[in-house]
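Two complexes follow with subunit A in common, the first pairing it with subunit B and the second with subunit C.
Let's look at the complex of A and B:
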């Protein structure tokens, strides 16, 4: 592998990794605050992408507006899921909450198939035009958008968590939910907010990566698995860890795919197993989680 | 000011409190004593809305607290310092304090923060330090400061001396005495009956979810049963 190829594979891997990071960060945000592993994160994004597709093709909404509308739709979906599904089950059984997200995933897949049928569709990239050459690296315009979007999202998420009182409250709930309630923090509205942000991120991530695949009800399945790998690698506990984990997975996957195309996807499952065996706390996990 | 009347509450199928009636007037320190499992903590949780009132009523001033969420109860002017301190370990001292004044506008938060740093100078020195790095005594001071942040009229304190060195316990009780002078009423749940009765104006003794005895702190300190059971008298 020449240096040029290596660089190209790495940078392109970073763009894929940025999407894994986006999905993973959303999962970790919801997991840390509400203590629920959201198995529907990927398919929430998938469903939003279908909505976006029909906004573009049927309603002829301009692309830039679709991006904003899709993110908003993601937020609304997250809000509704927390308010009308999670909230009523929260006080009863924790396992049911997790099962509920699995059900939600199936619900979105079924809904998408029912409303839009399962026939694969081509989703146009957000930006078109010739790839851009930066030194030896050739990068598609869409890839650049993906990278920028991930960086901006990470920045916004950081500011939310560390500079707003709602974000601080979300972190406090992740450390000691009981104490947060005792202090009079309105935990239900923080849960809704976090679900809204997490689901909006799912929509954005799916919209960014769908031009690589074709739009069909199952297209986020593998992305979700890889986002999980990213979280495990990053240590479950931190949004930062999920971001770094996502980027690493993206790059490694791309390099492996170049040498051994056949094991590209299964390789990531091997990575999960190895990480869990050798360093179950991941790269940035500090200690056993307090909440369990 | 606070009236808990004939309250029944508990967890799941079990009623922990059985028709408990207590009251507290403005400016008072009232102690609630009792063995483990008598329902002291449950009483505090019921007042702050962490547990639902099943029967009876809780009123504060002329407000009925039944059915309010903990956030709404804090807004009414009642704060709750939970047993075991429950400091957020990875948040800074300042973040811990600010969260306790979540509902306040920013300008007010600032002035409360300054007031807390004046009152607890140790916290001012540690404002950027993570809560988990404080010593037990410092954490208890932070817990008390968190309770004071929303500028409450009534503070509910659950075992503020638990797990602290004797010298630090002295500091905690001195602080509570200072709080009384600043006009905050206190409902104090404690294992340390001797110290509590020295500090409190009145006290209730809970036994298996019912008020077994009540009176002024002086009366109870002189009571033979109290002496034997809670003040370490000889049997």
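Let's look at the complex of A and C:
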């Protein structure tokens, strides 16, 4: 593999990784705050992408506006899911909550198939035009948009978690839900907020990656598996670990795919197993230990 | 301020608190004491709607039953915890700010855009009040137990609650620092916060309390000023145990 090819594969891998990172960060945000592993993260994004497709083709909404509307729709979906599904089961077992997200995933797939049918469709990229050459690296315009969107989202998420009182509240809940609540943190509204943010991120991620595939109810399946790999690699507990994990997975996957195309997807599952065996806390996760 | 009437808490067949009547007067330091298992912490938990109970708990004339837990801070009741529950991966500053959440009125969008008014003044005052200014940026995980107890007090106090419940504030505090702790609790009262505390450290209780309620086996056995209570025969029996009881 020449240096030029290596660089190109790496940068291209970073753009795919940025999408895994977006999905993964959303999952970790919801997991850390509400203690629910959301297996519907990918399909939430898928469903939002169908809504966006409908807006573009049938309602003829301009593309730039669709992006904003889709993110808003993601937030609304997350809000509704928390308010009308998660909240009512919260007092039951933890397993019920996880099963509920699996059910939610199937619900979105069914809804998409029912409302828009399962026939694969081409989804146009946000921006089109000739690829841009930066040194030896040739980058599609959509790829640049993906990278920028991921960076901006990462920045906003950081501001949310560390600069707003709601973000501080979310972090306090993740460390001690009971204490946070007794101290006056309105946990139900923080849960809703976090579900809204996480689902909006899912919508954005799906919308960014869909031009690589075709729009069909199953297109986020593998993306979600890789986002989970990213989370495991980065350490379950850290939103930023998920981001770095996603980028690493994206790059490694692209390099592996170039040399050994046949094992591209299964390779990532091998990575999960190795990471869990060798360093179960991941790259940035904390070892399970409590001082008090 | 706080009026508990006929409070009973049952866990299965065990009666943890039995027909407890308790009145905490505005502006006092009121101690709730008793041997282990007497039902003190359970009474605290009932106030915070953490356990099912019968009877009435009123705060400033308002019935607390059914109030969502997180609303207590909003109406002016906060607490600390028996086994310290600080947020370890947050800084001292952030830990204390969690206690101010219910009082700050800024909305999410202005917060995100950095346009919200920081609760700077309350934070500075509280840090200063508890002598934590220098430690504000430190991560809680690296600080010693005693300091974290103070952070917990500050977190419960930043909202200037009308009533604060302290669950064993002196536990784990070295004797040399007890004087500071007493001064801090008195300062909280003098700043207008009524204090209800559960504590095993009798020296501390007798020194700072305005009134004391003694519980044993879920029941109130005595009430009064520290002097009255420490002279009470049933209190002495409860503390010295069954043997004394059998001998008398």
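Structural remarks
In this section, the second predicted complex is superposed on the first by the 288 of 292 C-alpha atoms of A that agree within 3 Å, B and C clash if a C-alpha of one lies under 4 Å from a C-alpha of the other, contacts with A are read in each partner's own complex, and residues count from 1 in each chain.
Going forward, contacts are C-beta pairs under 8 Å (C-beta built on N, C-alpha and C of every residue); 3 or more make two chains touch, one makes a residue touch a chain.
Note that the structure is predicted; figures quoted are calculated from it, not measured.
Aligning the shared subunit A places subunit B and subunit C in steric conflict.
By the touch criterion stated above, A:68 is placed in contact with neither subunit B nor subunit C.
Looking at the shared chain after the overlay, A:132 reaches neither subunit B nor subunit C.
When both complexes are overlaid on chain A, the residue A:99 reaches neither subunit B nor subunit C.
Touching more residues of subunit A than its counterpart among subunit B and subunit C is C. In the superposition on chain A, A:164 makes contact with subunit C only, not with subunit B.
Judged by the touch definition given at the top, the superposed model places A:270 against neither subunit B nor subunit C. Subunit A residues in contact with subunit B (one complex) as well as with subunit C (other complex) are 165, 168-169, 171-172, 175-176, 178-186, 290. Interface of subunit B with subunit A (complex): residues 48, 50, 69-71, 73-75, 79-80, 82, 86-91, 95, 98-100, 102-103, 146, 150.
Residues of subunit C that touch subunit A in their complex: 48, 68-74, 78-79, 81, 83-90, 94-95, 97-104, 106, 108, 111-112, 114, 116, 141, 155-156, 159. Subunit A meets subunit C in the complex at residues 156, 159-160, 163-166, 168-169, 171-172, 175-176, 178-187, 193, 286, 290-292.
The residues of subunit A lying in touch with subunit B in their complex are 165, 168-169, 171-172, 175-176, 178-186, 290.
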